[in-house]
Every structure is written in C-alpha cells, then in structure tokens.
Amino acid sequence: MPHSTSKCIFLAPAPRIVSDIFDENDLLRLRAVGDVVIHEAGPVTDAIFEDSAAKAEIIIGQIDLPESRLKRATSLRAVFNVEGNFLPNIDYAYCFRQGIRVLNISPVFAEPVAEAALGMAIDLARGITRSDRHFRQGTEQYGLAANTEAFSLFRQEVGFIGLGDLGRAILPLLRPFGCRVRAYDPWLPAEYIQTLGCEASSLDEVLHGSRLIFVVAGATSQNQGFLGAKQFSSMQRGAALVLVSRAAVVDFDAMLDFAAKGHIRFATDVFPEEPLPGSHRARHTDNAILCAHQAGAMETAIKWIGKLVVADAELIARGLPPILCKVAQPETITLFRSKPISKT
Amino acid sequence: MPHSTSKCIFLAPAPRIVSDIFDENDLLRLRAVGDVVIHEAGPVTDAIFEDSAAKAEIIIGQIDLPESRLKRATSLRAVFNVEGNFLPNIDYAYCFRQGIRVLNISPVFAEPVAEAALGMAIDLARGITRSDRHFRQGTEQYGLAANTEAFSLFRQEVGFIGLGDLGRAILPLLRPFGCRVRAYDPWLPAEYIQTLGCEASSLDEVLHGSRLIFVVAGATSQNQGFLGAKQFSSMQRGAALVLVSRAAVVDFDAMLDFAAKGHIRFATDVFPEEPLPGSHRARHTDNAILCAHQAGAMETAIKWIGKLVVADAELIARGLPPILCKVAQPETITLFRSKPISKT
Amino acid sequence: MPHSTSKCIFLAPAPRIVSDIFDENDLLRLRAVGDVVIHEAGPVTDAIFEDSAAKAEIIIGQIDLPESRLKRATSLRAVFNVEGNFLPNIDYAYCFRQGIRVLNISPVFAEPVAEAALGMAIDLARGITRSDRHFRQGTEQYGLAANTEAFSLFRQEVGFIGLGDLGRAILPLLRPFGCRVRAYDPWLPAEYIQTLGCEASSLDEVLHGSRLIFVVAGATSQNQGFLGAKQFSSMQRGAALVLVSRAAVVDFDAMLDFAAKGHIRFATDVFPEEPLPGSHRARHTDNAILCAHQAGAMETAIKWIGKLVVADAELIARGLPPILCKVAQPETITLFRSKPISKT
Amino acid sequence: MPHSTSKCIFLAPAPRIVSDIFDENDLLRLRAVGDVVIHEAGPVTDAIFEDSAAKAEIIIGQIDLPESRLKRATSLRAVFNVEGNFLPNIDYAYCFRQGIRVLNISPVFAEPVAEAALGMAIDLARGITRSDRHFRQGTEQYGLAANTEAFSLFRQEVGFIGLGDLGRAILPLLRPFGCRVRAYDPWLPAEYIQTLGCEASSLDEVLHGSRLIFVVAGATSQNQGFLGAKQFSSMQRGAALVLVSRAAVVDFDAMLDFAAKGHIRFATDVFPEEPLPGSHRARHTDNAILCAHQAGAMETAIKWIGKLVVADAELIARGLPPILCKVAQPETITLFRSKPISKT
C-alpha cells in the first residue's frame, strides 16, 4: 500500500522503551507508514515538540497535548498511548472536534488478566493456595475434610461488577463451566448484556445472588470505593470475590474485615498502595489471595503493544478506521480517573 | 415403566454410608426398581450374603464377589462399586461370561478434578500461590518483575499424558485458550485422539514439546513410575506439570529433585503416602504446589453417586444398557491397579 | 507393538469392495496386525468359511455367523460389519458369552448426517428450497413478503426424538444458535440428557413445545410408525420436522397429509420405499423437502470406514478395548430392526 | 435514571411505521427518555422540521439533514437511521465536528443473514435444493450416486471475502465444523483477522484455496463488480459461493456463466435488479440457488430495531456512548455506496 512520503510519525514511548514494545518487523512496518522520529531520552519539551512532533500525522506516546500544542499539530490524525489508559494530559475535546483519533493499547491486557482472574477464582473456590500453605505449615487435611468450604464453578451462580472489555474477556473462559452469570454495569443496556449470555442485574442482585463475583469495573470519577461494608455484608456467607481492575473501586479495609471474619474470601491483584507497606495487615489475613499487580504485565502482552499500534497506524494512514486499539469516546473520556502510573 | 415385583437390590455402601450418596428422591427411585435391602453395619459375611445378596439382581457396594458367591447369585445382572475404581475382589471373568455388568461411579469425579487441574495449571503458569506466599513473607515483586518466569495458557503448547475420561474432561476447559494439544495415550488410536482436537504424539514428543503437561494417566500394572528422572529431564526448562491421577505413575522423588533445582515446576493432588509424613521434603520444595487429594472429593460429586447408580439401575432393570457409570471392560480390567482406598 | 505372527484376519467386504473403504495405508496397517485373507467374489460358502475364516481372530464383513460357524471359529475375537448396522445373521448371544466383540462403523455417518440435518432444518425454517422453486416458476416474493412463514433457529424451541449417536452429533452444530432443546429418548436417563445440555422430556412435550423437531430415532422392533396422525396433530401449526434416521419410525402417509394441509413442514432423507415410485404423491407435496438418502453416503465417510476398522483391530490385537466403532450391546442388540440394505 | 424534562425526540420512521419496529414497551421507554414527536405521514418538509425536529436531541428516521438543517438543530446529539445503512442525505462531516452520533440498526440483520448463509452453504455443498427439484422431476438418484459432487463443510477450506459484522456473525456458526478459514478484507489488519481464528489472505489465496466462499463484502465506491470472470475462473472447479451482501460486488452475468458451465455453484440472496425480470436467465441456470432477498428481512429482526434504538437512546441521554447500533465512522462514511432502498 503506497503512502505519501511526507507522512511523519513521532514516537516517544516513555515510560516504556521502543525495543520492549516494537520488534524489528513492527518497526519496519512503522517506517513503511512514514518517517519515524524516535525520542526516548527525557521529556518532550516544547522545543522538541516544535522540532519533531508538531508536523507528525501520528504521535505514539504519552506526551502532553494541550490545546496550544494541538493547534500547532495541524497534520495530526492519531495519538496512541502505549499504556492501557487515557491520561488527562490531552485536550480530548479539541481532538474530537478535529477528528483526531486518541487510542490506547489496553486490549493487550484483556487476555492475560482474564486468565489470571479465572485462576484466582478457581483457587478461591477450590482452596489451592490455602492447601499449599497448610502443607508447608504441616496442617493440611485430605479429601472431603479439605473441601468443607470448597465449591465448584460448574453450574455456579456467578456475578460480574462491570462488564467492559475485561469482563468480556473472562466470559469465554467461564463458558465451559455452564454458569449462570448475572452482570451489573450501569453503562450497558440490558439488551447488550443479554447478547453476551448474561442476565442484566442490579448491584444488589449480583451481590446477593452470586457465589463468585468478578470485580472488573474500571475506576471512574463516580465509583470510588463503591464496594464497601454494606456491599460485602450483602454477599453470601462464603462467597468469593476476585478483584483485578482497580483497588479504588473497593473499600479495601472493609474487604479485609469481611475476609478476616470469614464472611467472604477474596483474591486481589491490585492494592491501594503499591508496593503494599510491609506491615500491612493484608499480609496475614485469612481467606485472601494476594497477587502483585501481575495479572496483565506479561512479556507476551507487552510484545503485542507494538503490533496493535502499527496495525492501527497502517489503517489510519490509509484513511480507514482503527480497529485493534481502544478508541477514546467523547462521552466517557472525562469519567475515567487514571493517574499516570509507573511502568507495569 | 413397570417392573417385576420380585426384583431385589442389595445395597452395602461401605466405605460410604447410604445418606451420603443417595438423597431421598434417589432412594425412592431405587425402591421403585426393586426391594432394597440395606446393609450398612460391618462386612458382608457369607451368612449375610446368603441371606440377602444371593438373590439380588443388583448389588451396590464393594463386597467380595468371588466365583463361589457369584455362582449362587443366579439373578445377578449388575454390580455397582460406589467408588471410582474396580477392585480385585470380584471374579470379573465370570461376570463377563454371564453378562453381569460391573460398574463404578468414576464419572462423578471428572468435572471437579478437571476444574482443579485447570486451576493448578493457571496457578503454576501465572504464579498465584507463589505470589501469595511472597506477600506473606514480605518479599513480593510487582508487575513485570513478578512475571519473569510466568507464561500464559493462551495459544500455549500443552501436553497430555493419558487421555482417558479425566483428560477428556479437561479438554473443554482448555478450549477457550486456543492451545495446541499433544496427547500420549498408548490405549488410544491416533484417529480417536484427533477427533478430540489433539495431536497423537509419543511420550517424548509430549515431554519435549509442551510448556504445560497434564498427567492424567491412571495407574496400571504396566506404568508404575514411568515418569522419572529421564522424563523430567526431557521437559523444557521452566515447563509445568500437573498431576491429578495417581502418584504411582511418577517417580515422586525425581519430580521433587527437578522442581528443587528449578528445571520444572509442578502441582500435585496425589502423594505416594497420604497423609504425607510431616518431615517430607516436599513441604519445603520450591516450584511446587501441593493439594491434599482434594480435586475430586467434593460434596457435590459425592451427591451425584446415587443419581448415577439409580439411573443406570433403572436402565438395567428395563433391559437397557447402562450409560452413566463406568462399565468394566474385559480387556482392561486386569490392567488396572487399584487398592481399596479409604473413603475420599 | 509386535504381534503374534499367527494372527489371521478374514476380510469379506461385500456389499462394499476393499478399495472403497481401505486406502493403501489402511491395508498396510491391517497387514501389520495379521495375515489378511481377502474374499471379494461372491458369498462366503461353508467351504470358504472353513478354509479361510474359521481360524481368523478378526472377521471384517457381513458374513453369516450362526452358532455352527462360531463354534468352529475358536480364535475369533472380533467381527466388524462394514455397514452402519447390526444384522440378524450373527448369533450375538454366543459372541457375548465368548467375549467376541461385534462392531459396526456407524460412527462414520454421524457427521455427514448431522450436517445434512442442520442444512435441511435451516432450509425448512428459512424457505431456501421453496424460494428457489418459486424463482424457477416466476412466482417468488421478496423480503418480508417471502418470510411470512419463516422462522429462525436462533433461540428457538427445538426438539429431538431420539438422542443416540446421531442426535448427539447434531447438538454441537446447534449450539451457536442458543436453542432450548427438549429431548425424548426412552433409552436414556434424564441425568444423561441433562449433561448434554438438553431437557429430558416426554414425547408429548417435544411435540407440543418445539418449533423444529429432529427425528433421529433408530428403528427398533418397538417403534414402527410411532409418529403418526395423532403425533403430527400435536405439533404446533407451522412447525418443522427433519427426518434423517429411518422412514419406518413415521407413518409416512400421515406425515404427507399434515404437510399437504399446511399443518407442518418436513424434510426427509429416507422413504418407505427406495427408489420412491415415480407416481408417489410425495413428489408434488408442498411444505416438503425430499432428499435421496444422501445424508450419510458421502465418499469421505466411506473412506473413514477402513480407518475405524483398522484402528480398532489394532487395539483388539493388543488386548485393548475398541473405541472408534460402535460395539454391539447385549441389551439392545435384539431390539434393532435392520434388514440388509443395498450399498449406500 | 431521571432525565431533563426538556429532552425532545423526533421520530419519523419512514419507510417503516412505528408499530413495526417499536412495541409498546419500547415506546414507553422512549417516552421516558424525552418527549416523543411522531411524524408518520409524508415527507419531513422544512416547515415540519422547523416545527418539530429542529429542537430535538435525538432524531429517529431517514430524514434529510443537510448543513442548513443541522445548523438549526442545536440540541441534536444523535440521529438513528431505522434501516441498515448510511444514506448520503446527511452532512456527516458536520455531525462529526459537532459530536453528533449518526447510527443505523444493521446489527439486527447479522444473525438472520448469517443463519441463511450457513443454510445456503450446506445446501450448495450437500445438494438439498437440487435433490428436491430432482424428486419433483422424477430424476433423483440415491445415496452415493446422489453425492458425486457433494462435499462436506467439516474440516473444509472456507474463504471469506469481507469480514465485517456479517462475516463475523457467520464465524461462530461455522466453528463446530472445524474449517480452515481464510479471509480477505482490505480494511482489516492481519492481527485482527487472526484474533477471529482466520488466516489473513489475499483475494487470490481465498479464491484458489477455498472450496466454499462467503461473499459478505459491503458495496463501496471502490469495489463495484470486483468479482468477475477472472476471479470466478480462479476458483476451484466445483467450488461454491454464497452471496448475501450486495449484488453490486459481483459481475452477475459472469457468475451465471461460470455456474451454467459447471465451474462453480452459487447461492445468492441479492440481485442486480429486484424483482428479477421474469425472463432473466438466472431462473433456469443450473448450479444456482436463488433466494429472494429474504436472508435479513425477518419479522423478529424488525422487532429488534426499536429495542436497539431505545437502548442506545437511553445511553446517549445519560451521556454515555451508544453500544448496540452501528456508529458512523468518519473514515468510512464516504466509501459506502448505498441508495435508499424500498422497505425490506
């Protein structure tokens, strides 16, 4: 596919580095789309912006793009964040008005996080980590005695809190278990939830009705800590909760309380603070499985970032809509609440 | 479907008890098949046999059935073991000649064991139990640093050693991951393995080619310890092995050696001795997940035993072939090597 | 796997010929199992039997095996019919007592028949054949007007009459349509039908509740014409019936009556007489799709016959149970009612 | 969810009528979103527009929306076409600049068209319509003789030309057949096609390599008649083609030629002219199945239109992005080539 030789691509991959996310072939493809200017050392100052980024059709990276810079970037057609979120350092309204696509690569994390979530769910239900710990303490019990609190996912009542990209990546992994799935997602119509094979439910219905709950809601400006003591007390005694999106959506202390007293069990991949303070009581709480923000951060996922960016850049250069990356939507962009995070 | 009122059923459920495996409705259905004589207290002596079992059309339990007893049981059409194995206390050849069906209820364990096996596999691949242990020791690392040895099941090279009922129960759970599956099973033709979506392979091909191996071969008189140092050394460095059938098929010490030195990682639900001695080195071996023979022994599975037995007893009473329980086959019955086990 | 050189295999493939069902590689494998004697010309007389078949361990073909011959076949371990049925020319009781496996290759037909059945079902529901006929007559209507009697399989109420091998081969093809499936099969317990994702139902429930019914019951001595006027009148007005097993299970005239008056529509692959008489009224009946016993008789299926036979022969020669062919069961063998059919 | 009482919805459903696409409950929900003004009689004149539509937040229908009208519609946030296409009577560029969503309801047709396409494919492969025609002519042949040109979809080489919404709706229906699927779609990157389980291929590779080809490419300004004699001659002798998108993408005469001489067989749901002239040679062409633009136009699909519109209107009214309807994209909107069509 020929391209106008004048196309310019500005690639400033911080907090990542080019070689982590683009393999040789990805870079070759990117260079076939346009002239690639790479900036890996230090922040993108106004001088650097003016010199290299202002004329770009495609910017790849997390650089600040206030209106003042966007106004100068008159050829700009797309901005790719090489992280899985949309940061507040871009004037999105300006981009929407001008038809500039803003994208991120969150889809690369859906599969590994879904896999980890299923593993954490089976682990909670079947007591794998607990059994191993008991063996190492010399206190294991065998067979039926080991399983007095175990349950199976087969034909289980399962709930989803949030049913965005991540929740939808978990669903196919659950399908062979024949679960009944209730889902609560205030951004999604019942008709849509039904086409996914789930029952559109209220938060209360999910909390009351589920033996196992996946919390996969992203953090927004509206849902900080919306799962607290009241919600945990609504859960069935012995029910399990898997948290793989953002710690901010739960009242972490309340969750620990309800696990400590045996009302629920939970597995989490995220924490209010990371690293978790050495003395944090979560470290010796029963009925809990702690994973170190490792659900998404797989080498294989990182290697896919470049492929998503290149493939969508190729489409955009050809005047076609992108299809692999997550595209910022005017309605939701202001609701997301993400702070720049260190490299994961 | 009416039944001859003369049908007699002898039910001696040891090592289980009737109420664990038959609910009220199951018992009602069984009594609709014939007159049920229950013997729960102590062994079935010759006197008891003569008195109650000799005239039965259906015997449910693990009682000794040498030729001498079978010859007296002239109405006998089926014997159901309420455990998942075939014990050597029956004269099977006599039964086959006479058209007496001998059955066990192993199918009830396939689902829960498959679920646990998948959970153990994801746990090994993604480091869930290990991460939790590190948190409790205060040594966890986050994100990519936590995942230096992690791998994903998606599109992974997976191997099966054995592809009997249990292996076949794992396959649908793996399907959403899009794995390439090689299977070694000397009892199964390549054509059959292919219809299951797997590649018929040699043991070597499975060992060399797989990042994750499920060992689901039953123990036979021919395969004691056939997975030993030579086989473990053939595995890829960092590959994972999930053992959920019988400890006897592996050289347990060799498996511990290869885990300790980091060549493989494994999860096992079975042990050469249960309970495992308190001082056994497995308890402090790295790269290992230990589960306490808890994969199959779920209450829900036990509750299904009665349903399988009743449904097949109904079929047999109507002159139809059983379909839910495992039916003893003349060719393989002498190959199985199971000792009576305590109630699991 | 080495084999005793003395093994003898007698192969009399009539009404088929060797080259139709065994490719070169299949024959090589068969010759590796034992010395193969092929008899393709004419019937197997007693003299031929005595000379070549009496000493065989494995007989492949439809030759008569009354007790008198079986008694002489003292090495015999298995008899493979190269058709999809069990004929009454074998003393099955003798075989069961002696542990001689009797098998047929019906599994090769399950896939092609299931595919054709789905095609016939969609065609009936969506009016494909009818539309094409109307085009050729110049009477077609378009769009919504073409669809006044059309229905979709998606989320439809579907019924099965019979849920044997063939029905079970249709189920996975229906799965993407998300149907509710009721199944009536008097040989199968409700528990089993449920594990297949269907609802165990009475014949009446299937007839009343279904918009689309698959008739896949084999013909037995007990079910001749059991679907007659009474049953067709129980069906919903406009419901569709797909018949792909045996014409004998329906009252064919009644089925035509109910189609002619528009109460039902049907598609059939089988007929009371084949070829159907030229003047038969089925040929100009509306609401009917007629297929010429072509659902199973695919070249690719015929080519699989040899593979099934060879693979199971290899297992049997190694002392293992066969797994690919259909194995005769003592309980049901006398119930099947099949007459020798000409080559299909 | 409360709404501002000032919201106004203008509903002009021509060429449909309100009661065909909205049931009572749908209308209730719509009235809960805002005040609904319905205009069913005649075109929307400027006077009517000024009176009722200019103040609407949501316009439902196909009314002309040039810049002059859009400038007056200062509250407008979304325009729903109640057909499955985007017409050239809207100033899309203006809408994109202003953040006005333009949507259509094409997703309601994906399932019924996919089902019909599968039925047409099995029919072509297995000769169902042809067999029925032969029966009615008294020329049918049975069994293998009927199947000399038949092939099965199982494990078949299948091709897609276009892999948009419609193609993606066919894929799950094909999955149980275990096909190898090549797909050609110049708008989609290879990475995306692979995530759908297909092989990204050139048009030539699809044409050469496939026994069965689904043509599901929409008509654009760039692909008129791109499947012509050259392409049909590249297809395998005896290969089958299913056309369910737009007749404009093929050279219809060439397709008829290649079917008439037996090089290919095809099934089509669309025609260059509808109704097809009574004397058109397609009506007596062999190796062809003709369906009367009936694949999508199901009552059940039409009933879904209202639900999609209402659900997305509810989201938009709440400030959330629509998710069920098809959303116009700036890059592709000018490429589509659809003329207003009469009601289907």
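Going in written order, the chains are labelled A, B, C and D, and every chain counts its residues from 1.
The working rule: a contact is a pair of C-beta atoms (placed from the backbone, for glycine too) under 8 Å apart; a residue touches a chain by one contact, two chains touch by 3 or more.
What you see is a predicted model; the values in this text were computed from it and never measured.
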| item | value |
| --- | --- |
| Path length in the contact graph (subunit B to subunit D, fewest steps) | 2 |
| Separation of mean Cα positions, subunit B and subunit A [Å, integer] | 38 |
| Euclidean distance of C-alpha centroids - subunit A vs subunit D, Å | 33 |
| Distance between the centres, which are taken as Cα means, of subunit C and subunit A, whole angstrom | 50 |
| Subunit B, residues touching no fewer than two other chains | none |
| Chain contact graph, described as a line, ring, star, complete graph or other shape | ring |
| Residue ranges of subunit B in contact with subunit C within the complex | 96-97, 99, 187-192, 307-308, 311-312, 314-316, 319-321, 323-324, 329-332 |
| Partner subunit B, residues of subunit A touching it in the complex | 111-112, 115-116, 118-120, 122-123, 125-129, 131-136, 138, 140-144, 146-147, 150-154, 172-173, 175-177, 267, 274-276, 278, 282-284, 289-295, 297-300, 302, 343-344 |
